[in-house]
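Below, chain A partners chain B and then partners chain C, in two separate complexes.
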Partner chain A sequence: MSKPKVAFFDFTSCEGCQLNKLNFENDLLDMLKLVDIVEFREAMDDTADEYDIAFIEGSISSPTCVERIHDIRRRTKILVALGQCAVSGGINAMKNDQPSDWVREEVYGDDKYLFPSLPAMPVRAVVKVDYEVRGCPMSAPEYLHVLKSLVLGRKPEIFDHAVCVECKLKENECVLDKGMFCLGPVTRAGCDALCPSFGQYCTGCRGPVSNINKNGTIEMLKAHGFSVTEAMKRMKLFNTNDMEKSISWGNR
Partner chain B sequence: MHLKNPLTLQNKGYVFFDSETMKTFISFLMNQAELIAAHKKGESSYVFRAAENVDEVILDYPRTIQPLKKFFLPPRETLLNFNLEENDFDVPDMETKKRIFFGVHSYELQAIHILDYNFKRGNPESNYLKKREESLFIGISYTPDEYHFGKSVGLEIEKTEGMCLYIEPMEAGYYMFVVDDNGLKLLTEFSSETVALKTETIKPQPKEFQKKIKYHYNRLPQVFDKVYDSSVWKKVSEKCVGCGTCNLLCPTCYCFDVRDEIELDTINGKRERFWDGCMLNTFAEAAGGENFRDKLHNRTRHRLFRKFKYITEHSGELSCVGCGRCTSFCPANISIIDIINNLIEEVSLNS
Partner chain C sequence: MSRDLSINVHHITRVEGHGNIVVDMKNGVLNKAQLDIVEPPRFFEAMMKGRSYHEAAIITSRICGICSLGHQIASLKATEAALGLEISEQTKKLRKILVHGATFQSNVLHALFLAAPDFLNVGSVFPLVETHKEVVLAALRLKRLANDIGDIISGRAVHPITLVPGGFTRIPTEDELFDLKMKLVEQGLPDVNFAADVLKSLAGEIPVFERETEYISAHSEDEYALYDGDIVTSDTGIHPVEEYLNITNEFIVPHSSSKHAKFSRSSYLVGALARFNNNHALLHPPAKKVATALGLEAPNYNPYMNTVAQMVEVVHCIVDSIDLIDQLLEDGLKKEKPNQQPTRYGRGIALTEVPRGILFHDYTYNRQGIIEKANCIIPTGQNLANIDNDMRKLVPEIIDEGKEAITKKLEMLVRAYDPCISCSVHMLDVEFIE
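And now, the complex of A and B:
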């Protein structure tokens, strides 16, 4: 069996998810035994024409992005969105809430017309995405699970339940009960409740569970002393598209 | 339908322990076996864990986060290790050491009793039953807080069934009731002489439950015969965010999911099971992606029916023990008592 050809691409993002992969120091060499990395701008110069698996990081936010992602989709068998920008638009999508003209002027000043811009979109708004690895940055164990599953020809199992579940399995004291803010009850698990386990609260960086009860979530946060404005603001930090424009981006 | 009448305060007599004797007794038990007791965790929570230091053992607590089931049905458990190259697997060794569960409330014991029933039926669940062996339970009374409702499901604080000893705290110390021969044996070994049991009747200060279900528990199965299409379910689901906390922390919920995870060598791996819950999105998802309980109100209804109807129909006992965990840990402040009382109200209005 020849090793699958794997490529990594970055779009609008901080490239943190890609860099995260190079940090798997204990697993990196084992990982290289499984796959042939044929294109990875951050780590090597080579490029290739066709791929078995393409991992996409970053959101789609310009006409050039749209062209490139179509091109990659044509040349890969499996396409995986990596990290919250690629999965939901991520933090980049915060700009979608603001007037586009103003946003471009803030960033490019007088040159704003030289840089055509689109609202920050998830990859799945433009091309078919086979699998998604969530989180900001992407969850390393989930990424390895997807990679191993694809190498073995299995369908990866991605959780669609809340971070609360992982907190309860670990018997963590409830962050909301301590009087802190937390989006754990409605954010997708898969991070092993990393933040609440270390005294922090869940910011929702893995996006909402698939059929989130938005009104219920706002009522829940209100009952814990947060205003509607603050609740919405915090829910939108990583997930503006999911909270505001889920229909127009073709939510599954 | 008549539910079984739970036994209450069966005992063979008692001895009196002052606080110092109680500490010595706990140390004695720690030498006899692994002693599991309530401990403080975080700012204001409690958990059951193995005692290392007598002074850390807590006797007065409302409820722990996870119920006792975690010791018999662990949150995560490796069922087997496999090797794809050799097409072989092995089952990890299971510990069966003696454990004493110290200072547990009557609802925990009732929950274990219900889990035993479910895991012994049909194909017995060998991992659970194996871990259940060699467990002794020493009960303790508790003061009901705003979430306990044991009495409403027929479960008095002093229900001692399944315990070997039962502790009733009092001003200057503790009454230690002997419930069965195991308890008597422990006390005899502790005092190394014949234990003179007192049998004069004592009346502990009666403790009132703050929360009550409007109907007697005997009538609840009848209520659940009539509420499948109730409007209450949708009302609850407006508030519910589907986090699953109520399932996971419920002492009688036992559902789990199983997942195979392979190592990076793509040869070795393990099959792991972990707690699941019927309130979670993918619980009722079948092959092909069809989900036959994809709405929160269907899932809430299913959860309550599992506690008051489906299992009750063949066990003759309610599967809710009134510990109040689902309510006190719910981030959306949903109260199981309110749900049931709303159902009762609807039933009595329509009849």
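And now, the complex of A and C:
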């Protein structure tokens, strides 16, 4: 089999996911043996007409973004959303909660319509997404898993259990017990419980699990003296779009 | 002599974010030479309001992945100033090591992966894997080392985890710090000296161009200012950080979704070259030696030399990290808890040097520790007017070299500034209406 042609694209984002992907210095040269990087604007001048796998970072937040992502979808066989901005709108979507006109006026004054802007959307709101790598920044273990599977022609596995599970496996001291407001019980695993492993609470950067145990969660929050409203607010940090639409935790 | 020239580089490569270079010359008259910033604005202000002091650094970190540590540092310092949170000497030293790691990571990435291909006439670093394997490997090792600093002290290099107002959620062990120091000594120093030698052999490819401008950076009496200091400008001297708005004077131009800035002149320069010009006397001797070897002498008015100044700083950061680790190990690491007992509420202003230049964060908190107002001024935004001014001087000087050569030199110029466009369109600077 010839090496798959891989391309990377960035939309509205901090480019942290792209950077994170360059952080496997020890494996980087080996990886280059397995794939052929044909387009990657931040690192190279070349462009290509077609790709086997396109990795997309960032959310869709302007009319130009919409056009570009359509063009990429037409050229690629597989499309992978890289990081929470691309998967759910990520931190960019926090602005969706505010009146757009007012926000623009505050920043640009009379020139508010100089730079077209849309609500920050996930890539899947506009074109079909085949696979996702979650996290802000995208979780390194999951990225390597998806990349390897695709290169080998396999279907990557999708995680849908809570960060708590990974955290217990690592035998970390629970940060909830230390008085921190941790979202680990409702956040999707796949990061190896990175934040609690460093003494910090989970901010929910990989988004909620699809099946939240509502009653259990509410009990657990209450037991630690935290409110459901506050939990929702914190979860919105990286997941405003998800929290608005599909998920309701009942008595807010 | 009448000449026409039209250049439009759409989405310039090997820079962070989206920008276009536009040049328009008719009959020898330069109508336009500018960098258009076309990145969609991100409206961070809408995200900050109503968030607690625990979250400020988590949010502003996401303005930019490459500068995430710098944003966290500026953010934490602003929060600590606003809430009256004292931090320990140990916290300060650990943060300084992190700043060094982030600075040399970014500088290595820029000088060796993004800028060097121009000197070797290739379009990316990938062909160099074949032709210049040793230097690519050295650069990768340096990058790894910078990431090790981030991983060990802060959990990860992109959007660090352990930094919180008042301190750290986890203190590294003495063994971890000792291992880090050994790597810096045994691997970091030889690798950076080798990389500097390679850069020296390529120095002939750096375009000759000069335009004196105002140079603005942080300044400290005791050290080459990165983590902290006052503001210093080459035109007007030292100013306290509280005066930053008088210095940055942001304004809107139609060709850029990022605001521009100016102080004493129509533009000013921030970043490694400004720091070098203003503070070179405080560099560690090995860094000074490399500067001399690379032909960098203060004051230097060639913006292309920013890349060289970045390399000099890599040496300084490695040497200073070793010093700081020695001090920490000598004093013994204490298992300190972060100090999160606010003693006041109100406004806090802070600066820090990030790889691309001086960065300001300014927050106002209410009595519940919730953000009411936020402002954040980014290095790339401060450099944009200066880039345009450089282009306007450069294009007529090289007009005889032909379109292709001119385009390349303009791209190299923009790259030399190492612009970070995601940062520049963060748009945090708004007054909230209650």
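Note that the second predicted complex is superposed on the first by the 228 of 252 C-alpha atoms of A that agree within 3 Å, B and C clash if a C-alpha of one lies under 4 Å from a C-alpha of the other, contacts with A are read in each partner's own complex, and residues count from 1 in each chain.
Just so it is clear, a contact is a pair of C-beta atoms (placed from the backbone, for glycine too) under 8 Å apart; a residue touches a chain by one contact, two chains touch by 3 or more.
These numbers come from a predicted model, not from an experiment.
Upon superposition of the two complexes on chain A, no clash is found between chain B and chain C, which fit side by side.
When both complexes are overlaid on chain A, the residue A:Asn211 reaches chain B alone and has no touch with chain C. Using the contact criterion defined above for the overlaid structures, shared-chain residue A:Ile91 touches chain C, although it does not reach chain B. Of the two partner chains placed around the shared chain by superposition, neither chain B nor chain C is touched by A:Asp101.
Counted by residues of chain A touched, the larger count belongs to C, out of chain B and chain C. Residue contacts after overlaying the shared chain place A:Asp71 against neither chain B nor chain C. Applying the stated contact rule after C-alpha superposition, one finds that A:Val165 touches chain B and leaves chain C untouched. Touch criterion met: A:Thr203 reaches chain C, while chain B stays clear of it. Contacts of A:Glu50 after superposition on the shared chain: neither chain B nor chain C is touched. After the two structures are overlaid on chain A, the closest C-alpha atoms of chain B and chain C sit 12 Å apart.
Overlap of the chain B and chain C interfaces on chain A: none, as no residue is touched by both.
Listed in rising order, the residues of chain A touching chain B in the complex are 27, 30-31, 34, 144-145, 148, 151-152, 157, 159-162, 164-165, 168-174, 176-178, 182, 184-186, 209-213, 215-217, 219-220, 223-224. By the touch criterion given at the top, residues 11, 13-17, 38-43, 45-47, 55, 58-59, 62-66, 68, 109, 113-114, 123-126, 129, 140-141, 143-144, 147, 154-159, 161-162, 164, 168-170, 252, 254, 257, 422, 427, 429-431, 433 of chain C touch chain A in their complex.
Touching chain C in their complex are the following residues of chain A: 10, 12-20, 22-23, 25-26, 28-29, 32, 37, 40-46, 61-62, 64-65, 90-92, 94-95, 97-98, 103-104, 106-109, 111, 114-117, 136-137, 194-195, 197-200, 203, 234, 237. The touching residues of chain B, when paired with chain A in their complex, are 41-45, 47, 65-66, 70, 75-76, 237-245, 248-249, 259, 261-262, 264-266, 274-275, 277, 280-282, 294, 296, 329, 331-333.
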